[in-house]
Structure formats: structure tokens, C-alpha cells
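A, B and C are the chain letters, set down in written order, and residue numbers restart from 1 in every chain.
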Amino acid sequence: MTALLDINQLLDGLEAGLRRILEQRGVDTPALIGIRTGGVWLADVMSKRLGLAEPYGELDISFYRDDFSRIGLNPKVTPSSLPFDTEGRDIILIDDVIMSGRTIRAAMNEIFDYGRPASIILATLIDLGARELPIQPDVTGRVLTLDAHQRVKLRGPEPLHIELQETGQ
Amino acid sequence: MSLGQPYGSLKITGGTLFDGMGEASSNPGLLIQDGKVAALGASALSASAEQSFDASGCVIAPGFIDLCCNLREPGNGQKGNIATETRAAAHGGFTTVCASPETSPVNDSSAVTHLIRDGADSRGAVRVLPVGAITRGLDGELLSDLAGLKNAGCVAVGNGSRGIRNARILRRCMAYAQTFGLTVMFSPENQALAADGYAHDGQVATRLGLLGIPEVAETAAVMEMLLLAEETGVKLHLSQLSSARSVEMLADAKRRGIQVTADVAMHQLCFTEDALAGFDSRFHVRPPLRSEADRKALVAAVQNGVIDAIVSQHHPHDSAAKQAPLPATEPGLSSIESLLSLGLELVDRGELGLAQLLAALTTGPAAVVGLSPGLVAGAVADVCVFDPTAHWRPSAKTLLSSGHHVPVSGRDLSGRVRLTLVNGHPAWADAG
Amino acid sequence: MTANDPSPNHLQLTREGQLRHFLTLDGLNRELLTDILDTADSFIEVGERSIKKVPLLRGRTVVNLFFESSTRTRSTFELAAKRLSADVLNLDISTSATSKGESLSDTLLNLEAMASDMFVVRHSQSGAPHFIAESVTPGVAIINAGDGRHAHPTQAMLDMLTIRQHKGGFTGLKVAIVGDILHSRVARSQIRALNELGAEEVRVIAPGTLLPRDVESLGCKVEYDMARGMKDLDVVIMLRLQNERMEGALLPSEREFYRLYGLNQAKLALAKPDCIVMHPGPINRGVEIESAVADGPQSVILNQVTNGIAIRMAVMSMAMGGQMAERQQKQMNSEGARS
């Protein structure tokens, strides 16, 4: 199992996929945004790997979560920080794990409140399936199917590694 | 007195007897016949009676006397009336209540006094002694017809919870009442110092931003009244003291031979300003609940007899009167039914002796209004039988008063009145 | 013998410790106060975006229930609610219902019929928001926008946010509050917040007539002399003096008050050189504060407005979130009980 989840292998795949799609779409200067917390670590790595000069953005989607009416406000919300104008930009949105798709929906809603981007490319390190919304990543490091008692989590930032947890039976 | 049928003759056996004269003794028997105490002890035990009551485990005491009770009649009836509130009194073990002059209209004429007495005769469960208004409309300006009030049956005169602003008028009130040997009952409060306050001027009021009534609003008035009473020679009764300093001045005045007596409301002995901490409007009372040091001094003054009587200061209200932000609510508790239970909690905690508690509810107040209670042969059969360990819970179901804003709710209280006899008639009998 | 639970927490917090009403700072611990400040920081960032709205309270109705009019406070609450995407209804009750003899309880019943989710309450009587929180249907959040002399918790928290922005934190800070403490709900909430957040010393500087009884019990030292009180200060908060304080012999004149307790450059020079000057506004220039100080480099009076919106967004979303989480919990419990 650990062999399946070699982080560097996954990052290589993500990088290659992103380069391919940027080239396909003819995007030279994408703006990179990571979703807190895991997505921000990945944004940091990808920004360096893709050689982006511009600092990447950090998104805290607490104010946009659709489960606010069920669990209330996350008490540890931190400010989002987008050090560039999103209006008309080609954006790479990056997160560690995609499952239901709800986080991505919230993140896209938030990005639009900063300004209307020209396009958004979605990149995720791991795709666990189990989608509840019609949202698919453009690039993904690995598609995984977990058993009911398994959880996967990106740990970081130094060293970045993937943890597969066996939860209580 | 309309409630209950006379027993004819009733024999109470067992329990502990406080005859109101001295210490407690075990009760072999107490025979009541034709509204009077017919016999005590062995002779009562051997006598035959139509009915008997087993008072094992209970305390048998003279019926309680309340010097300050609001019956709300005459009035618009929303907050209670003579029928509801005297039944509540009987439930609390009281056989005599002094009716406050703060009615609508105010009891400042013999006509109103007669109205109260007629109401009590036809619908009252306990003895009602009206207190007359010393000034017309309680406005503190013009004297009422005190001779007429006395003749109509007022046992004392006072100004209710409203003070008399002008010291010259206060002095004349006392001098005029003295002419007829009337006792004056005053709640000492300097109105200029109390101003718009409604809470003790202390830590809780400061934290909650409540308008305070400083302690000196009471002590300044106590001092003024004591000096005027000394000068005029009137019999002064200070109603509902709330501070330690007032107790000191009272003790000093008594030592100097001034004719002064005083009472305290039971809630002042049990609660402090902390009761307001959650803006609990029930504890909006006047005078306000003060500090723990004040509470302790008041309890000690009951224990050593400096304070003569404990009163209910029963203030029944309709629910709307208490359902508002605290400053907008009306002051007062519905207290007469739980007074005994709260007193017994003080006894349980060792703060007050049972004998002193009962004295402050019987002989103490009796002396103020010229009654002589006591369970002796030939005395009027005003009796309270209560079980100090039995529990009850104040609730809309158990309370007889129209006012449900009781000092303690949601938990059991110990001290259950089993039987209240007025003139030998059952005014309250515990079915449970 | 305690009559009931004297702590306001049973009313303000859910069983999980989330805010569900915001009535007073009494009983709220440092962690929760810090959460409020942190959340407000995030809302400040939202206020810098091209679209300054987040969808948290979408579909919720917030009623601004002002029994005492205050255009300034009401506007910031209104803006805060709108930036949370709530529908907002402004009711100026001081001029309508209650003056026609309708009781507060009746007014509330009518408002509840409108299916409101939150009442922002300003009232001239201390404890009115507590009363409303105890009376309304469960699920409706109450935010105190100032009650009598009791509390003005959102104003105090926005002041804390301003202090934190300039001083980085509260540890070791010496703060003075100057002026009419007696009538000030803001001062009471500020003293409480500063103590809980760990300020080293809170002073109140005022004449004896403008101090409440036992004021030290709130957690502050009393200083009658302003020159002594300014020494070593990191923060000085000036309170507004109402004109009517000359009545009833609380003060002889505005002139004497300004001479003794007004803040001018000479007095400010006695504090630490980086001491900040705050004022909850609106300012009476020449009564509490000299224009040169109010407009000077140490004054942080203006950015208190931005912080005001962010703090109100924070407590509104936290309280609404607590109410909804509690409702969800109850629903799950009742479903659990059924199955």
C-alpha cells in the first residue's frame, strides 16, 4: 500500500498533468490557489516545480461551507489571502483530496467573489471517488478506492507525506 | 370565615408543641372545642373528641402572624384577592395577616377598611387585620382620618412601601398617630437617595449596570425615624429592614428605651444581591437584597430578638408584571406559602434556632399589633401544624396564591403545613 | 442559597460551548474571545474583496430591534448582516409599538410570527436582551447591541480588535478608560474583556460622581488624577460625556471636566510614546478630547469603524452557527430516540 502512495511519484504525476493541460489550453501565466490546509502545501510545491514567479493564493473556505447550517462556524477560521486579482485570470485550484466535491464548490464560489476568472483548472493529489456533485478534477495524482474503515490524509508541510489510517472497526 | 366546616371538637395527638410561651415539649394531646383550646396534656389525651389528628413527627405551634401582606383587595383582581391570598396564607401556616394599605383605592378611610373587613369576613380563610394609610392616597402630604381608621378596625397605620418625603410631615404623622396610641409602620427609605434605583448599590448592580439604591437610603431614614419617634413618643415599627447598619441603630434605640419594633422579610434572610445575577426579575424586591454581611446581621438580629418579627412581604403579581426587562418589572415576591420552608432551611443550616424562628412568626409580631397568641387553655384556637421534614414543590399546581413568582421553584422544599386552624376551623388541611 | 445559576453561560452557550446568543462578555473565556477576534480578522479580509459578501446567513432574517435609536450602531449591524447575505429588517421601536402601550412580550410575539432568525437588540434598560433571549422561541439568536448601563459587548470586542492590531496582543498592556464610567455600558464590557484577555492593568480615571459603587470589583484600579493615571499607558480609551451630566450635580461644567479629564497633547505626552488613543464615538471635541489628539498620529479612532463591521459579522455568524448546530443536534437526538 505504501508503494501506491509514494508522495514524490504522485507529485510528479500532478506536475506532468498540469504542464500538459496548461500547454493544451495555451496558458502561460496561471494563478495558483491552494485550499487550506493540505492544498496550500501542495500549492507551495507546485509553484516551485512549475517555476511560477507570482506568489500563490491561500483559500479558507469556512465562510462558504454548505454544512454551516449543520455544524456552525469553524472556530479556527483564518483569513483567505489572494495576493493577485482573479478577474480574467486562468486559475489553478489545488487541493489534497477530492471526495464529495462540496469543498471545491465552496472554493469556486469564494474565488468568484474576488472577481470573475477566465478559467479554473482543478488539480487534486488523490481522488477518492464518492462524488455528490458534478465536479471532476482536470488533473489528479492517483484515484483510490478506500474501504469503509480507511481514511487518507496528507501530512506536512515538512516532510510532505501521505498517511493511510485504519479507523476503528 | 367561610372556609371549611368547624370540627366541633378536635384532638391533636403526638408531635412537638411550641406553646408560644417558652420552649418546646412533646405533645400528649391538644383538645380544641368551640374554637378554643379546651385542654392540654394528659387531660386532653383522655378526653373524647369528634375528630382526631395524628401529629406525629410534626410541630404544633400557634398560627403564624404576618405583619406585611398584600391581599390586593380592593383592586382590579388581576394580581389576587382576599379569597386567593388568604387561602395562600393558610397554606403557609398563617392564621392572621395584616393587610397593607397599598390597595386600590388606598385604605385611607373607614369605608375602605370596612370593605376589607367585610371581604375578609365573607371570603377570607384567615384573620385579616387592616393597616391604615397614614396619609391620604399614601401621597405623603395630607393626614388621613386616623381616629376613623382606628375605630373602623385598623391595627396600625403606615405608608406602605412609599416613604414620606418631607420630614416635617413625617413628624406630624407620628405626633398625630401618638394621640390615639396607634402604632406607625414605616418602610425606611430616603426617597431622594433611593431615586430611580431598584437594586442594592453594590457589586452586582455595578456589574449588571442596574440602578442602585444605596444602603444609606435606608440608614438615613432609620436614623431620622428613630429620632422623630423618640421626640414624639409614638410607637414606631420599622418594616422590612435590609441592612446591618439599620440593625445596629435599632438595637441602640431599643437600649435607649425608644418604643420601637422591627421586622424583616424572609427573603432578606435567605438571599443576597447575587440572586439578581441573571437579571432574575423575581428578586426585584424593595428594599433590595443586599450583601452577605447584611444578610448575616439580619439573621443574627432575629436570633437575638433585636428584630421582632419575620414577615412575608407577600406581593402577588400577574405574570405580566414580572415578564419584562428587570428594571421595568414590579417589585415583590409571592412569598407567603414558602416562608416557613425557607425559615426551616435556615434552621437546618444552623443559622437560626427553631424556637427563634417560631417566635418571630408568632409572639414577636403579636406584640406589635397587640395580640397574645399561645396554645394555653382558653386561648383562641389559631394553630399551625407542620411536618418539618416532609417535602413539597412550589408550582402552579401546588400554589394557592395568584402570584407564581416564588423565591424557590423547580426543587423540593422541606416543611409542609399539614393543618391550619383559625378559630378552631380548618383553613388549610393537607390532603397529600 | 443561590436562587438559580447566576452565570449567563447557560443562556449564551450551547452544551458544546458554541456561542448561541451574544449578550455579555461575562462568563466567556479567553479562548472564545480570541476566536471572535480571529474570526473578525477573516471578515476584515472579506471586506477588502470586490464582492464583500459571504453566503453564511443566506435565507436568514435578521431583525434590528432598536428600542433606543442609534443610527451609527444600527448601520454597522445592518451592513454586517447584509455582508453575511442575510435579509435585514430595521425596526425602530422607540417610536412605534411600545410607546403605544404594547408590552415588550407582545412585540416579540408579533416579530416571531415573521419567522426571524436573529434579533439585534438595543434597549435603554439593562438586561433587556437577557429577557428577550429567555422569552423567544429556541433557535432565534439574540445579539446585544447595547443595553442600559449593562453591556455593549460588540463595541468592546471591536475595541479589543483595534488594540490587538496595534499592540499585537494584550499581555503586559496598561490601559486606562477615562470619563463617565458610571453610565457607560461600553466601559463595563471593556474592563471585562481586558481582564479576560490578559491585560496587565486596567485603570479608570474619573471624578467620584462618575464612578459606580465598588467599581474595583469589576477588575480595575481607580485614579482621580489624570496626570498620574496617564503614566506608562499603552492604550487610553476616552468615553463620551453626555451633556445632561451637568444636571443632578454630577459635574459642575464641561469646562471644568475638560480641564481635569479632557485629553490633550500635554497629558498624552505622559503616557508611553506609542500609546494609542481610542474613543467609541461620536466625539465631543473640546469636551473629552482635543482635536489635535483626535486627529493626531496616535489616534486610532477611524479604523474602529472597519473593525466594527467585522466584529459584528463574526458574532452574528458564530451565534447563528451555534443555534443551527444545536437545532441539528436536537433533530438527530429526536430521530435517534424514534428509531
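FYI, a contact is a pair of C-beta atoms (placed from the backbone, for glycine too) under 8 Å apart; a residue touches a chain by one contact, two chains touch by 3 or more.
Treat the numbers as computed from the prediction; the structure is a model and nothing was measured.
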Greatest separation from chain C - chain, by CA centre: B
Chain whose Cα centroid lies nearest the overall Cα centroid: C
For chain B paired with chain C, centre-to-centre distance based on mean C-alpha positions, whole Å: 44
Chain centre separation (chain A, chain C; CA means) in Å: 39
Interchain centroid distance [CA atoms averaged], chain A/chain B, Å: 75
Multi-partner residues of chain A (at least 2 other chains): none
Chain A residues within the chain C interface of the complex: 60, 62-64, 68-73, 75-81, 87, 109-110, 112-115
Residues of chain C defined as touching chain A within the complex: 18, 35, 38-39, 41-46, 49-51, 53-56, 317-318, 321-322, 324-325, 328
Of chain C, residues touching chain B in the complex: 1-8, 11, 26, 103-105, 123, 125-128, 130-131, 135, 147-151, 185, 188, 212-215, 217-218
Partner chain C, residues of chain B touching it in the complex: 201-203, 205-212, 214, 270-271, 274-275, 277-283, 320, 323-328, 345, 407-408
